[in-house]
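Chain nomenclature is as follows: A, B, C and D, assigned in order of appearance, with residue numbering initiated at 1 for each chain independently.
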């Protein structure tokens, strides 16, 4: 936490600013990634965005076998937010490696996200993915119900989370990010657990568990009843959690939640995130992540920071 | 949870609908209260709203001694939400009883909210308030940092929460509501703890802990750094928690979070709340709570429910 | 069984051209009575579309921040592209907040646009006989299809349904395009009283050689599909599932298939062979 | 020391009359160049106001749901109430999203209004000598005060400050009301180059009999208070803290006091004796 936030520095040009960051061993061209589940397998964005404008993307979470998701309705709108209950739908680890990765243009940084309902299967998925060419790192999605704990999310119980990360860490030497569930009392505790088990970085937050009701039909809007709330509405919650986690651990953090603009990304960096992921905003504007990346560099330049990473943790809090 | 939600019933006139509910021993004219901290001590709304149009109001949380709050800035705006860090500011229990209560018009139902930083003091405040004329019930605000637990909110630790409710329950025989913190992993567990210790009802949710950043000054917008997020943005989170809590306990629940219209109130009732509290919306429109109460009765009439309370828990979830 | 989360066949991609992500400019905005509105948009770089394709519209320029509420863009069929000047027309109903904002758009204002999206209707066979049946907002999806089938020498009968006359969109356009038109309204305030599917039953009467194209509320499409099946006629439906992205990444618009699994309405549709759809599972 | 969370003295309540909660109608809406806008509102039941009082405005009728983003109403000084027909004028700057929506309001549209709120400026002493110093949005808070002091036979000097000429609001009104006016702009594009507080220094020059009224950015008001103190002149400031409710229930608008504790700007102010304010603690 720097104490120098109010000092004004000489302005730079964007070209003078070094946008690169290292996210737990993943070298990124710039700190703007796109979030799992909001960017497909990357190729879908071809018509809208040169993927080399952004730091990279996190692919849709993968399970060992291909899976279908929940029945519709799977999405709903809420104030400044959306809800989703897509659940497990994905092509599976093998099809991802065989078909999706080779279809990507050169020079694109890919983080593979994985999730499962049992710890062994997580470890197996991690093993298969970490061998794959072009996978720069893994992201363990811990917001998945753990079958053995009666459906509690892996990321909601520190002991279960520790077991999971330990098993995945053994299975791979690739850079390993853990994506935390926001549906917890103490995010800092979960962050420390992951750091203790050898995670290289943290991604937070995943969508917030929520429910929306159709008053005319007197039903939940989503067939699954519960869904994940994402978008600008959750940003102040995400900023709080990133700030709390960043003060608890040394490993880098990737901030996620309601980012729609470069300003939003700056907020996460100031709160201690080394990089960010743009999620729901990709639906509103499939080119937005490129604009966020450019805007972040412009912000650093305007405020005289020679490296974008110099912004990290620069929130002036009067020593608190 | 009823299975009959889709059955259509003969329409009624609003006058044919009985709007009364019982909230843990507090008899309410209708299920629409206003939330603590958003309705002052009631008198401020005189010019805007006949307080007899609503079920009642929960007064600003009181401590034993009068207290000042946090330094400014204390509020900020966020997408479909606001943040606040007002903290402890209130006139104190005694001035409330001596000056504020007598200033209210006849026939207004008042719930006194209390909070403190130590358990004994909570119990003492409860004792003094429950003797007071015109106090129909108490609401224990559990979203307050517990000094002995190093600042963790009372409502974030089931053991501490149990101690608190036990002590307050011993101190008063008045109807006792516990207002739960949303910043927890398992809201149902907290609900069960309160029921086990003899609470007569639950109020949820309080504001969600959040942080907003001023990117130009590179500071938190609030002087207190962290604040509580309230307003429509948190409504889907509140609905989820009310639904989870209502399935875990038998005592009635008062639903709170982002209610701005009768439709929003209906959602909470369907999810299992017996009554609701309107919070932030009172700032946008100081007459809104009256409109919510009227609209709720009109909804029940339109859908053929002879009593507003027949709506409670009528969310059709296919048995889940 | 559909492959979970898979991409469309390569052929479809190429034929429909690359979708754009641009700020379109409102060049005409009209309220056509009731909740019906028409927007004409100048779309930089527009390269044509297939009937049945759609765009995702945001009420405001794409780069305008903060975009918060309503959050998601709105899917809208491309009604037609008059005059080949890179302009398209959208015919729509004011329904909730998103369409209220689109209805309030004035000339000169920007509208964020992503599209054209989806596969649209398959190209009509030369000389084919088609019945186009549409109701509510679905009317906007079939006008251009009718025009093109007719231009290709086919025989077209258009059947439009609405609750009442105020609810009916685009009637005059169908008439001036010379498309044979029958109308049914539930309250009888225009055309015949009844459901548009009643008209379909009369038109089809066991005729297996006519292709049925349907777009409108789910119960209407489901009924149209039943009637077509009863006559042994092929039936194509254009689904209107809620969408977040419109281009196959959110997986929100899933429609359950009879064969098992789901299709993505935005990417694999919105037009489907009615026989593939598991109607009972649609929202 | 102020009583925590206490109510204002009963006397103040009565004198300012009951505030309304109504939908006002836009009867005139003008952009006055740059970011400056003027709205004239017809307010049903309007019963007058004190200079310095304000209203909370929402861009849309109060009952219009869902009101989500921007969420909070915006505090705006009552600029004046021309013609005693229950109409008020608001002079404001387009700044963020809320004022952008107010700036887009058209004639006939509804605007949610709560007010008049606050205590306003104390009634001027007959024959008093006053300097009114205002900058930025603060200009809107002092016009009516100037008019009334003058009408009561007082001597008024108005000093307006702005960054540049485009930033200046209401100049013509002050002139046509016959209020002696001096202007300072930071870029010298209008009036004298410099800060409006430089003009205040010149005007006051040790004069303890003149009352200073200031409204504008905090640094400006703070400096005005210093200058007044240096001359031994009384100084009243009208604060512009962020507000959620405007009528004393959210406790969000707290201003720290020298005597300890806080005053609520909306309820106890917005006008305060400058000497009571703990300037270093203001946001």
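Going forward, a residue touches a chain if its C-beta (ideal position, glycine included) is under 8 Å from a C-beta of that chain, and two chains touch if they have at least 3 such contacts.
For clarity, every value in this text was computed on a predicted model and none was experimentally measured.
S.K.: By CA centroid distance, what chain is farthest from chain B?
M.R.: C
S.K.: Check B-C against B-D and say which one is joined by more contacting C-beta pairs.
M.R.: B-D
S.K.: Hey, how far is the Cα centre of chain A from the one of chain D, in Å?
M.R.: Measuring from centre to centre gives 45 Å for this pair.
S.K.: Rounded to a whole Å, what is the gap between the Cα centroids of chain A and chain B?
M.R.: The separation of the two C-alpha centroids amounts to 33 Å.
S.K.: Between chain B and chain D, what is the gap in Å from one C-alpha centre to the other?
M.R.: Once rounded, the distance between the two centres reads 35 Å.
S.K.: What residues in chain B touch two or more of the other chains?
M.R.: In chain B, the residues touching two or more other chains are 79-81, 231-233, 263.
S.K.: Among all residues of chain C, which ones touch two or more of the remaining chains?
M.R.: 66, 68-69
S.K.: Chain contact topology under the given definition, line, ring, star, complete or other?
M.R.: Here the contact pattern is complete, since every chain touches every other one.
S.K.: Spell out the part of chain D that touches chain A in their complex, as residue ranges.
M.R.: 66, 68-69
S.K.: Spell out the part of chain D that touches chain B in their complex, as residue ranges.
M.R.: My answer: residues 3-7, 18-21, 58, 62-63, 65-73, 112, 114, 241-256, 261-262, 281-283.
S.K.: Residues of chain A touching chain B in their complex?
M.R.: On the chain A side, the touching residues are 5-6, 78-81, 83, 156, 183-186, 208-213, 215, 217-220, 225-226, 229, 231-237, 239-240, 243, 258, 263, 266-267, 270-271, 299, 314-317, 320.
S.K.: For the complex, give me every residue of chain A touching chain C.
M.R.: Touching chain C: residues 37-40, 43-45, 47-48, 60, 66-69, 71-77, 79-82, 84, 86, 89-92, 223, 231-233, 260-261, 263, 280-288, 291 of chain A.
S.K.: Show me the residue ranges of chain B that touch chain C in the complex, using the header's touch definition.
M.R.: Contact set of chain B toward chain C: 79-80.
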